[in-house]
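Two complexes, one shared chain (chain A), two partners (chain B, chain C).
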Partner chain A sequence: MTVPAPDPVAAPSVPASVRVRLAHAAMEAALAVDGVVAGHGGPVGRHATFDRTGPLVGVTAAAAAPDGYDVSLRLVARPVPLHLLAGRVRAAIDRRARRLGLAAQLRAIDVRFEDLEETS
Partner chain B sequence: MAQSGTQQHEDTTQKTPGTAVVPGGGEEAGPLQSDRGTTSIADAVVAKVAGIAAREVPGVYELGGGVARAVGSVTGRVGLGDQRSQGVNVEVGEREAVVDLTAIVEYGESIPQIANQLRENISKRIEGITGLKVTEVNIAVNDLHFPGDDEQPDEQRVA
Partner chain C sequence: MILLRALARLITFLLLLLLGLAGLTVAIFSIQSGLTGLSLPQLADWSHLADLRDTVGHGLRDLETGAVNWVAALAGLGAVLLGVLLLAGILVPRRERTVSLRTDEAGTVNARRRALGQAAESLVGQVRGIADANVKAKSRRRGGGTLRVRAHRIRAADADQLETTVVDRLTTLTGPFALNARVDVRDAERGNRVA
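The block that comes next holds the complex of A and B.
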């Protein structure tokens, strides 16, 4: 006798937390910036945000008192001026957070470049 | 003096809090400091930039000592490691970086001139790409390359 597969429709739809939404918004905004290639999991590959859909590699958001979240990104970039690229990434995340109504919760945005990738 | 070859990926970057820029503070904030969060660069990134910059200098045949090149050859063949940072060791701080480099130079080239060009190009590229100030580029030339060294002997394999 076979066991019926769980009905996905029956699973309650839980909205993502502000922390997870901020992490997704930050990574999406960062990847849209010219010069950013990908997220990077860090030296042990665990710099990621986990939710129901799986790991989002390269970003974490952590509560920062009193009521916000610090975002930490680890990125792979092309060989461009990285200090300027970090500023563009922060600006893009700020814009995305404002658009999504998350700006009030967004605190520091730490950016770390873990690797370079040359595009041919 | 540069140590031989293999690249270190130790995470030596010191992080500062997101609001680390102190107005009127003792030390001048570098381009990596911001009042909206920190920017940090992994050692691997600086080593890769240094390796690419070193290979841009004419007269540099290869980077790395014998062991580093042998290991790099094997790891490169199996898809591990990155030969662009072979022969490069770096120490990275919040604002500054130190580079140790091992190189093989073409026979006949002026090693002092090549060393100067290496220092200039590596400093220029690292400062341009990462915003870090390069305080030292230590260079060890550990071999010379002669024309024809790479040619395979033309041996006849069948009669």
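The block that comes next holds the complex of A and C.
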């Protein structure tokens, strides 16, 4: 189940929580990596982060001690070497988190490839 | 095992339903006291509990005298076997649906078996001489797994050489995910797509 990500820019001006910001940052960074097609909601479509902009499908951020968050991504990818793609996704999320000042809160990054999709 | 799991779930549901109904019945028949109406003695009377007590008593007396009722013994054995099978259906863990690539404090990387199968099909499809391929990925509980590749070759291609090439081509997938590749190359039949 793939759903386009909601636009956090269009959200009201109330600041989002660190958890939600990390989830958005992780998914945006992952989608920017060549080879990643979309987020995937998992077998029952509930692997998502919910906030006022709606569900961000394919990513969750869960509290992890101390004072951080584990990010879990479920992705649809193109048929490319998956282990290399996972490394690129993790590096992209690290860079994005550093740029947004969220690196101190970012703990583990779990990546699961749910499906493959040929794209033109 | 899938059948056992389904049977265990069905029987669990039915037993819970029966338990609920029995509880409801006892609750209703606890409304009144005495020997008639909605009372427990009346429920026992309607359920013929006295007859059941006599039947069980006769059975136990026969057992004490050493007489073996083979029908009852076999039924008991069957019930024990069914119980063991149902326990297996509940307790034996499911086969993992993902194959793990890496687990460390930085996180885990894994892939669904279907995604791995698709990736493998894509790799095998690029091998010259392969008409089409079907790949199934299986995971092991202790990590890693197996890729079963069934490929069809065009008639001019050498089967042994194709097998080696396919295994080589799959190393980008089998190495990191600790998968064993089992390749079966057959002649293409009419209707197989040629890459």
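Note that the second predicted complex is superposed on the first by the 106 of 120 C-alpha atoms of A that agree within 3 Å, B and C clash if a C-alpha of one lies under 4 Å from a C-alpha of the other, contacts with A are read in each partner's own complex, and residues count from 1 in each chain.
To be clear about the criterion, a residue touches a chain if its C-beta (ideal position, glycine included) is under 8 Å from a C-beta of that chain, and two chains touch if they have at least 3 such contacts.
Predicted model, so just to flag it, every value in this text is computed and none were measured.
Contacts of A:90 after superposition on the shared chain: both chain B and chain C are touched. In the superposed pair of complexes, A:79 makes contact with chain B and with chain C alike.
When the two complexes are overlaid on their common chain A, residue A:113 makes contact with chain B and with chain C alike.
In the superposed pair of complexes, A:61 makes contact with neither chain B nor chain C. Counting residues of chain A touched by each partner, chain B versus chain C, the larger count belongs to B. Using the contact criterion defined above for the overlaid structures, shared-chain residue A:70 touches chain B and also reaches chain C. On chain A, the surface patch touched by chain B in one complex and by chain C in the other comprises residues 70-71, 79, 81-83, 86, 90, 108-116. Put simply, chain B touches chain A in their complex at residues 9, 11, 13, 15, 17-19, 31-32, 34, 36-42, 44-45, 48-49, 52, 128-131.
If you check the complex, the residues on chain A that touch chain C are 70-71, 77, 79, 81-83, 86, 90, 108-116.
Residues 98, 101-102, 105-112, 114-116, 118-119, 122-123, 172-173, 176-177 of chain C are the ones touching chain A in the complex. Interface residues of chain A, counted against chain B in their complex, comprise 43, 70-71, 79-83, 86-87, 90, 94, 107-116, 118.
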